[in-house]
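In what follows, chain A forms one complex with chain B and a second complex with chain C.
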Partner chain A sequence: MNLMAIIIINVLISFLFGSILLGFHRKIMARIQLRPGPPIIQYFLHSLKFFFKETAFPKTASMPFYLSIVCILCGIWIAAIIIGPVLKGSLLLLFAIYAVYKIVEHNAGSSSGSPYGKMSCVRAVFSASSELPLFAVIAIIYLQVGSMNISDIINYQSIHGPLILKLPLVAIVLFVLILSKSPYSPFGITKGKDIISGYETEHFGLMRGYIMLSDSISWYMLSWMFLTIFFGNLSVLSYVVGMLVIAFLTGLINATTPILNPNHSVMSQISMALIGLLGSLLLMFFVF
Partner chain B sequence: MDLGSLGGDLMGIVPLGDIVLYLTPLHLFMFIAVLTFTFLIAISRTETQVEASFGDLKDNELKVGLAEFKARRFLAIICGIATAGAMITGDLFNFILFVALTGVVNVGIVSAVKQIDVLDAAFQYGLIAMMASLPLFGGGAIILAATGTLSFFELAKFTSNSMVLFGSTLLLIGVAGETGIAPFFATKAEMFRTPGSPFILIIHLSSLFMIIRAIEILLVIIT
Partner chain C sequence: MRDLVKYGYTTLTISTLLISYCLIFNPESWIVYSIAIVFIPLFILSLGLITMATPEKDEEEDRINEPFIGY
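Up next is the complex of A and B:
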């Protein structure tokens, strides 16, 4: 099939299934809290709704950054789909995309001029300093596999078995990273309800639609990355089940855990990253 | 080791004597991303930061003055260019120089503001960055002494030993200090309370991209 057609199909699937997963996540949280919760397709409907709402711009905003940052957010996650599911490229490149995502989170908050956005921007700097070390545990995967290319990681697992059995601590650390990005996460300090909607507070209409679309794609992408890195090349059904399990587990944790304050969040994440990094090195050299 | 196993297949090399620049999809992506953000910084105006004033119901508006705007924009563009250079360099000494330059320029970007808390945070970050330059350059010197080269192409062929590991550890500490990641992040985050969104963005961007490049370089050196 034509490469462009494959890319478009993958982007559409990631948006549709990603938004369904986020809806499922919300449903799980509601059921645990003994509420009926919204329908599973609610997140998808919300995303579509914002594309038809009136768009307003704060007069205090830093133009053109305020506008372009949303386009960049959308662009990087589409790039992630191309590098990941389509081309099965370098994991390090996905790491770079995640770093740009942290930049976008930071600047979307600060460029609006809103004090809530500004607070979210400062918190984004806090969270980036701990989430990047979490992502940096992919260096352990390189030491184990000898390559950062996702296709090589898949081939390695088809010969040696799933990496989750060899690198369980790395899997836990990357799961914490996914947990940090899930809605209402205990580590979600940039979107804490004490600062309204964080960096999204001043983004309305079309721009909020693009943010929600990007969130759906990013959730699908992170789940895909986790499953592919630690379980190898799965069938479509296994991917669906795996992503639903991840959404269920994160929903369960988020529904039963309060949001941490920024200092506790950063220290918890950095401690997990260090334990994962050092523990994995010990396991690699002394056990396996 | 194969350099293509880290950032994707090699797209090309530029041999400049001992220093060999090479491009992979990772370098290209980060190079283009940094230049895009630098371009946006150059053409953007700053936001007006609105805060509640204490004791009455008025809003307190914080703006960036023209002289301050020009100085900070200039330093932000320098920081962007230095970061872009660090993304495509094939030489460890060049990378270290770019990291040190971004550390200095980052302090400069916020030193033009007139908020005491922000200046205090910048001063403390400056102290950490200054102290981190010792392990940063020391790590590079030890790697040079142990391997006889600073070219990534040559370092990739070299078998790692304990001196190289020691030098790499120092290099990592140096980069962590210069870029202000955990556990050095605390004062740096306070610097971001100042208005001037486009300029403070490049501080964050340069730090994150330097860390990614540092991880790639360390894997090239030690494996």
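Up next is the complex of A and C:
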């Protein structure tokens, strides 16, 4: 099949299914808080609706950077789709994409000139210092499998069984990373309600819709990455069930946990990364 | 604001042409990846620039260069 067609189909699936998953996540949070909540399809409808809204540009926005940063945000997640589901390439490249994503979050905050955006921009640097160590536990996967390539990881699991049984602590640490990317996360300091919507505060109308579209793609991508790394080559139905379970668990945690302040968020994430890293090494050398 | 819509049409044309080129002629992989990463986001942005609502003529001055509100 044509390569561009494969990429476009994957991007469409990730947007459609990612937005449904985020809608499901919101529904779970609402039900736990004894609210009916919006329909599951609401996130998807909102993403489209904003494309038709009137958009104003703040006086202090640095154009065209203010506009192009949302484009870059979408571009990096499309790159992740190419490396992940399309090519089944290197985890190291996905790590690099996540690092660039934190830089984009930082720049989106500073591009509008809003004080809330600037606060979020500073917090994006804080969160990078904790989320990147969380992602760095993929080094343990390299020690276990001997390769960073997703296709090799899948092959390894088809012979030796799912990695989640061998590296449970690494799975927990990567789950915390996904949790910190979920909406209303206890670790979501860049979008904390104390700074309105963080870096998205002054991105409304068209640009809000565009950011929501990129968020849907990133949510799908991170869920796909988690399931593929720890469960191997799954069927389409297993991916759907797995992604729904991840959305359910993150929704459950987010609905019952307050947003931590930046210090607590960073310190708890770094602690989890350290425990995951050292604990996995101990498990590898003394148990398995 | 009107300029942005004009840029939207230009970007939409360029990105549609390049994406169609990859779909029809199937060039080398690295060209497809580059076009996908740069021009699919631009295609979506240009669609947004075209479809977004624009203010009425007499309201235009109030809407553009909106100062911050709410703090």
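The rule is short, and it goes like this: the second predicted complex is superposed on the first by the 288 of 288 C-alpha atoms of A that agree within 3 Å, B and C clash if a C-alpha of one lies under 4 Å from a C-alpha of the other, contacts with A are read in each partner's own complex, and residues count from 1 in each chain.
The rule is simple: a residue touches a chain if its C-beta (ideal position, glycine included) is under 8 Å from a C-beta of that chain, and two chains touch if they have at least 3 such contacts.
Note that the coordinates shown come from a computational prediction; the quantities given were computed from them, not determined experimentally.
When the shared chain is aligned, no partner comes close enough to touch A:Ala255: not chain B, not chain C. In the superposed model, A:Leu213 makes contact with chain C only, not with chain B. By the touch criterion stated above, A:Met284 is placed in contact with neither chain B nor chain C.
Of the two partner chains placed by superposition, only chain C is touched by A:Tyr116; chain B is not.
After overlaying the two complexes on the shared chain, residue contacts for A:Gly205 are found with chain C alone; chain B is out of touch. In the overlay built on the shared chain, the residue A:Thr60 is in contact with chain B and with chain C. Contacts of A:Ile40 after superposition on the shared chain: neither chain B nor chain C is touched. In the superposition on chain A, A:Ile78 makes contact with chain C only, not with chain B.
Set against each other, chain B and chain C touch different numbers of residues in chain A, with B touching more. When the two complexes are overlaid on their common chain A, residue A:Leu244 makes contact with neither chain B nor chain C. Across the superposed pair, chain B and chain C both touch chain A at residues 59-60, 72, 79, 114-115.
Residue ranges of chain B in contact with chain A, taken from their complex: 2, 5-8, 24-26, 29-30, 33, 36-37, 40, 43-52, 61, 180-183, 185, 188-190, 192-193, 195, 197-198, 200-201, 204-205, 208-209, 211-212, 215-216, 218-219, 223. Interface residues of chain A, counted against chain C in their complex, comprise 2-5, 7-8, 11, 51-60, 67, 70-72, 74-75, 78-79, 82, 114-116, 196, 202, 205-206, 209-210, 213. Only residues 19, 22-23, 26, 29, 32-33, 35-38, 40-42, 44-45, 47-49, 51-55, 63-68, 70-71 of chain C touch chain A when the two sit together in their complex. On the side of chain A, the complex with chain B involves touching residues 59-66, 68, 72, 79, 83, 89-90, 92-93, 95-97, 99-100, 102-103, 106-107, 110-115, 118, 121-122, 124-126, 128-130, 132-133, 136, 139, 142-143, 146-149, 152, 266, 270.
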